[in-house]
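Here's a structure for you.
Order as written gives the chain letters A, B, C and D; numbering starts at 1 within each chain.
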Amino acid sequence: MNPEYLTALILGGLTRGSIYALIALGYTMVYGIIQLINFAHGEIYMIGAFTGLIVSTVLTMHGMPGFGVVFFAAAAAIIYACCYGYTLEKIAYKPLRHAPRLSVLISAIGMSLFFQNYVLLAQTSNFLPFPGLIPDFEFWKPYSHVMSATELVIIVTTAIVMVLLTLLIKFTRIGKAMRATSQDKIMASLLGINVNQIISITFIVGSATAAIGGLLIASHTGQINAYMGFLVGIKAFVAAVLGGIGSIPGAVLGAFVLGLSESVFTGYVSSDYEDVFAFLILVLILIFRPSGILGRDQTQKV
Amino acid sequence: MRIFLFSLLFPACVFLMFSCGEKPADTIKLGVAGAHSGDLASYGIPSVRAAQLVVKKINAAGGVLGKQVELLIEDDACKPEIAGNTATKLISDGADVVLGHICSGATKAALGFYKDAGMVCMSPSATNPDLTFSGEYPNFFRTIANDAAQARLQVDFAVNVLKVKKVAILHDKGDYGKGAAELARGYFEDAGVQVILFEGITTGTVDYSAIVIKVNSLNPDAVIWGGYHPEASKIVTLMRKKNMDTPFIGPDGVKDATFISVAGEYAEGVYATGPVDISTNPMAILAGKEYQDAFGEEPGAFFDQAYAATLCLLNAIEKAGSTDYSAIVKSLHTHLTDTPFGKIKFDEKGDAIGVEFAVYKVENGVFTEHK
Amino acid sequence: MTSILDVKNLTLDFGGLRAIDHLNLTVNKGEIAALIGPNGAGKTSFFNCITGIYKPTAGEIFLTCRNGEKERINGLKPNLVTRKGMARTFQNIRLFSSMTVLENVMIGCHSITHAGILGAVFKDAATRKEEKYIVDKSYSILKTLELERFVNELAVNLPYGAQRLLEIARAMATDPQLLLLDEPAAGMNPTETRRLDDMILKIRDEKGIAILLIEHDMKLVMRISETIHVVDYGKKIGEGTPEEIRNHPVVIKAYLGEDIHA
Amino acid sequence: MNMPVLNEIKKSLIAAIWFMFLTFPIMVIKVNTITRTIDWRWKNMMYTGIGAFFLSAVWRYMLRRKEKNQNALEKEGLSIVQKILQVKTFSIPATVLLLIFAIVFPHLFSMHQTNIMISALIYVMLGLGLNIVVGLAGLLDLGYVAFFAVGAYAYALLNLHFGLGFWTVLPVGGFLGAVFGILLGYPVLRLRGDYLAIVTLGFGEIIRIILENWNEFSFGPAGIANIPKPELFGLDLSLSAKTIYLYYIIVLLVIFTVFVINRLTDSRIGRAWIALKDDEIACQAMGIDKAKTKLRAFALGATWAGMGGVVFAAKTAFINPASFTIWESVIILCTVVAGGMGSIVGVICGALLLILLPEYLRDFGQFRMITFGAVLVLMMVFRPGGMIENVRRTYQFKTGETNDIHS
């Protein structure tokens, strides 16, 4: 088919990819530190979106100008997501530091269920309309039929977040501590690193990215409900694994591979088997690179 | 071998803990089954509330056959495997008639049990044609028109009014959505309209731009959607943002206030079929008001249908003079009941006579019946 | 005297670094040979190479199998190598921690038994016979190595020296032609070491199993081994009887120094 | 007032304040975006505060107790339950009693109870099957439901097209399960831990999506209705009679499963699985074929799932892909881990508890799922090894060469 069709598909894929990436980042960070599939990560993202919605509605009703609303809503969403992430870790994971890894996984699943229904009961089971926080910028109008302003913002934000995270991990003291912890907890603690603190920080940072994701995606799809987190969570995790779980650029790369392949497949073949294709890609890549695209593969010492 | 010890000791403990003795009371037991938890709860809860409202009224007015009406509310989360248990629970608890289930799949799974137990089951929302057309379930009734009628209406509208030559059909791969979409496809092909795209999308996905781009490139005269409103609003929004003004026609799953509030300006001009407008029916207005007062929000999906169904069931028992199965069935077929949809009774297949569909169009923020 | 293991020009590269460099080595039937050299000389890598855990970059490995004919075994999976008759122990002890001493040895019998799923479920006569055979065989091996007093202990609760012996027992259960011992005496006190070389000799004499061992304890090496191979930086720098090695200039220079006369 | 008490109160207060802050937007504010109205539910905040105050105290107390017990456990080894299990004088009569209970059960309780007990027992079977894969061989499989679906559709379709009966299809379903187990297992055995988990998850989804889309084969989401229950010598049984019959079938199947798994764990193959879980390298050095052993576990696990699927189809009489979502896999995994990985008794308890609990929580109505989630978390926090932690039955050697296994 014609080239602009392909480009359109690719742009669509990019948006989807960045959405996955924003969530996958949180997964991969947490995994990197405590080798745990944080099943409840998707729920943190959902809670972020809800907080954003509530705050923004309240503010708009009290007649705050658009910009202020966006700012405060975003701030509140991020802060609350962080708090939830922190509490989640303290309640469901910290007491299990020395338990079998599967137990922690189950505990995470339990938390995910809990959060879903907590929001369901405290708020509503209905879909809620989410205000378009991102304005259709004037300068972007001419291109908006190719890619909406929101999509643009999503892609840009993802890029920024990823760069910031990489910087954080590579160059700051905390980042170094994180890397040390992920390599060897005991050694790290011997070197005077407060491991528990580092883990908490990781959860907080991860939750922050999730919240940003939540806000952007909600204002992209224009609606939220208590179950929005689960499926995205799974997809994001697939992306993280695809890229080599534990590696930040890996997560982003994996996310884009997933997003693009889904989009192009839908465009040229059929959306019926979109996910089948996504998972087949995963299987193929893992068969040839058992620890993901950018994952360092663990060879056992004999 | 002692391993089974626990496999068997355990249920014992469980039962000592939970087994609740059924207390016999001289009441009419109305079972209400549907999704009251899980992601489809929003389709089930309104019908529970409808039943509560109606029963409150009727009990205040002396009940049915001089007996008070008691509600047995059971959740099936719209899952077939759970629906089976729900059905047996209602049967064991001695329900006389059942209002439900909500989802067609769950209803199918449960009906067999009701049939064997000789119980009437009336759904406010299960629109799958087979339920009545297959003739397998003489005990099944519904206060909502079936998907076949709906698809027929959609297609006629698209062909005669919109004069479409080629259409794209999308669905959500769900029991309801895909079923509706296939019926529509069939009718379109009979009408000589070319179906250039028939694809299912994955619900809950964050972004549908790929499929929208695809539809755009094929540029059909209309897009037919089979599914519920959340996905519909996402797709419509994307279409309009990409400057596609192709007509969008959805089933009653789309005709929901939430759809408009979610899609906002982009909802304008969207067509959706739905039960004939009853906003002028005094009973409907009253029911809506009761709901507002009791639960402090707008009535949700299938509220009116459930309201009507409850009335029909109880009225049928009253007219039948007993809770005997065949008597109830007979009176459902013969006696008219006054409902928010006007006076209705049921044809031999179990579909409500007088509950029709109409095509609606979103005009400045409300679904207005398209004459 | 027929050889049981012939390694020709074995070479192994890790990325740029060459761990083993055109190494030639032969072990004869019923011989006790030692592989010595400074730390990081590539001894354990050599074991990993010939047992199939690492793939050699170049070179040939031939093993004389139970049926007596030579077979080229490089590139073979570790479990197949074991089945062909070459068993090993590990430098960093790798016992099955959740199992008892006896069970550890019973696992060793896996490669010489065949009971399948159906057998396991129906416990037919053949399977029961096999199970009994496994148990008896394992127990007798434990006896040979004087471990029978630990028979029902969990392997992890054994003293260090005993764990090393158990690794040997486990390896013997696979009915090897050739037994590779990776630092069997590491962490043992002198008396234990004494007992160890009796054991090794006993294994060789009673079962006729050839033995190739990596060891840093020169006393032990000199006492029991008939041939000694010296490697340094992955290269073979000397070979011969203990006597020859003692007076081998290159070897002394490269490695032994004076401590041998101590 | 002594110091520790004050201290506790202080901690509880902090917790209370923290949670009041945390739940503020979600619990207190409810915006109605359609009518654009807000209602402030300050009461909820109060409840949260009070709740958090006391619960946090309980929480800390429990944690402290748990630590104590752990230290105690390390000393005396086994927990009480495990001890009881060892005592023959108790276990044998109890087993008999329970068998009797199982037999009279459907006559004691209503058809509904029997019905949900059937679903519970199906999950027991699935749990035991998955336990082979996860508990014994240590492979994390998140796509287990796929084999369950294979079994269910095998019965539905074979019955629909060729009118094959329950008893014919039961083994076929098991066999198909095994075949799929090998097909799906083979390419991914190189993967470790979570990579394996996510790939198996993918396979599970693939199977479901295919069932959803391939109408010609599976009738798509509309599903297959009127799947017959097993016949008893062509007798025309009433629904409740059929249910009871099915109940006995599944009871027997469970007993059979337990028996087989018991035999396997005490066999050459079972030992190989345990060894593989302990140390792959050493395992291979002992001449054990890694891939083959893992595949065996996969295939065996899948077999039970397949048979479970057949029973499931017969029970619900209607199946569609919606019954085979990844959540099912997750729930089955929960039953295994929460029950106690590797421990047969544990898995059985886990399955019964986790499947019956939601059923009996029905009275909680909308609160049942949230309770379920909470229960999962608490169970893991306070009993990470599962309800009944697995103590491997080791082979005890008796001098005098007696070869009987006992603990």
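Note that in this section contacts are C-beta pairs under 8 Å (C-beta built on N, C-alpha and C of every residue); 3 or more make two chains touch, one makes a residue touch a chain.
Just so it is clear, the structure is predicted and the values come from calculations on it, not from any experiment.
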Path length in steps (a step moves to a chain that is touched) from chain B to chain C: 2
Neighbouring chains common to chain A and chain C, by label: D
Most widely separated chain from chain A, with each centre as the mean of CA atoms: C
Where chain A and chain D are represented by their mean Cα positions, the distance between them in whole Å: 29
Chain B and chain D, separation of their C-alpha mean positions in angstrom: 33
Gap in Å, rounded to a whole number, between the CA centres of chain D and chain C: 43
Separation of chain A from chain B, taking each centre as the mean of its C-alpha atoms, in whole Å: 35
Residues of chain B touching at least two other chains: 37, 41, 173, 200, 258, 261
Two or more partner chains touched - positions in chain C: 53, 90
Sequence positions of chain A contacting 2 or more other chains: 117, 120, 124, 129, 272, 275, 302
Contacting residues of chain B [partner chain D, same complex]: 1-12, 14-15, 17-20, 22, 36-38, 41, 73-75, 78-81, 84-85, 88-89, 91-93, 105, 108-109, 112-113, 116-117, 128, 130, 136, 173-175, 178-179, 182, 200, 257-258, 261, 296-298
Residues of chain C defined as touching chain D within the complex: 51, 53, 77-79, 82-83, 87-88, 90, 94-100, 102-103, 106-108, 110-113, 115-117, 119-121, 123, 127-128, 130-132, 134-136, 139, 151-152, 154, 170-171, 173-174
For the chain D and chain A complex, residues of the former touching the latter: 18, 21-23, 25-27, 29-31, 33-34, 36, 38, 44, 63, 66, 134, 140, 187-188, 190-195, 197-199, 201-203, 205-206, 209-210, 213, 280-281, 326, 330, 333-334, 337-338, 341, 366-367, 369-370, 372-377, 379-381, 384-386
Touching residues on chain D, where the partner in the complex is chain C: 260, 263-264, 266-272, 274-275, 277-279, 281-290, 296, 300, 392, 394-397, 401, 403
Contact set on chain A toward chain D in their complex: 31, 35, 37, 47, 50-51, 53-55, 57-58, 61, 76, 80, 83-84, 87, 91-92, 95-96, 99-107, 109-124, 128-129, 234, 237-238, 241, 245, 272-273, 275-276, 279-280, 282-283, 286-287, 290-292, 298, 300, 302
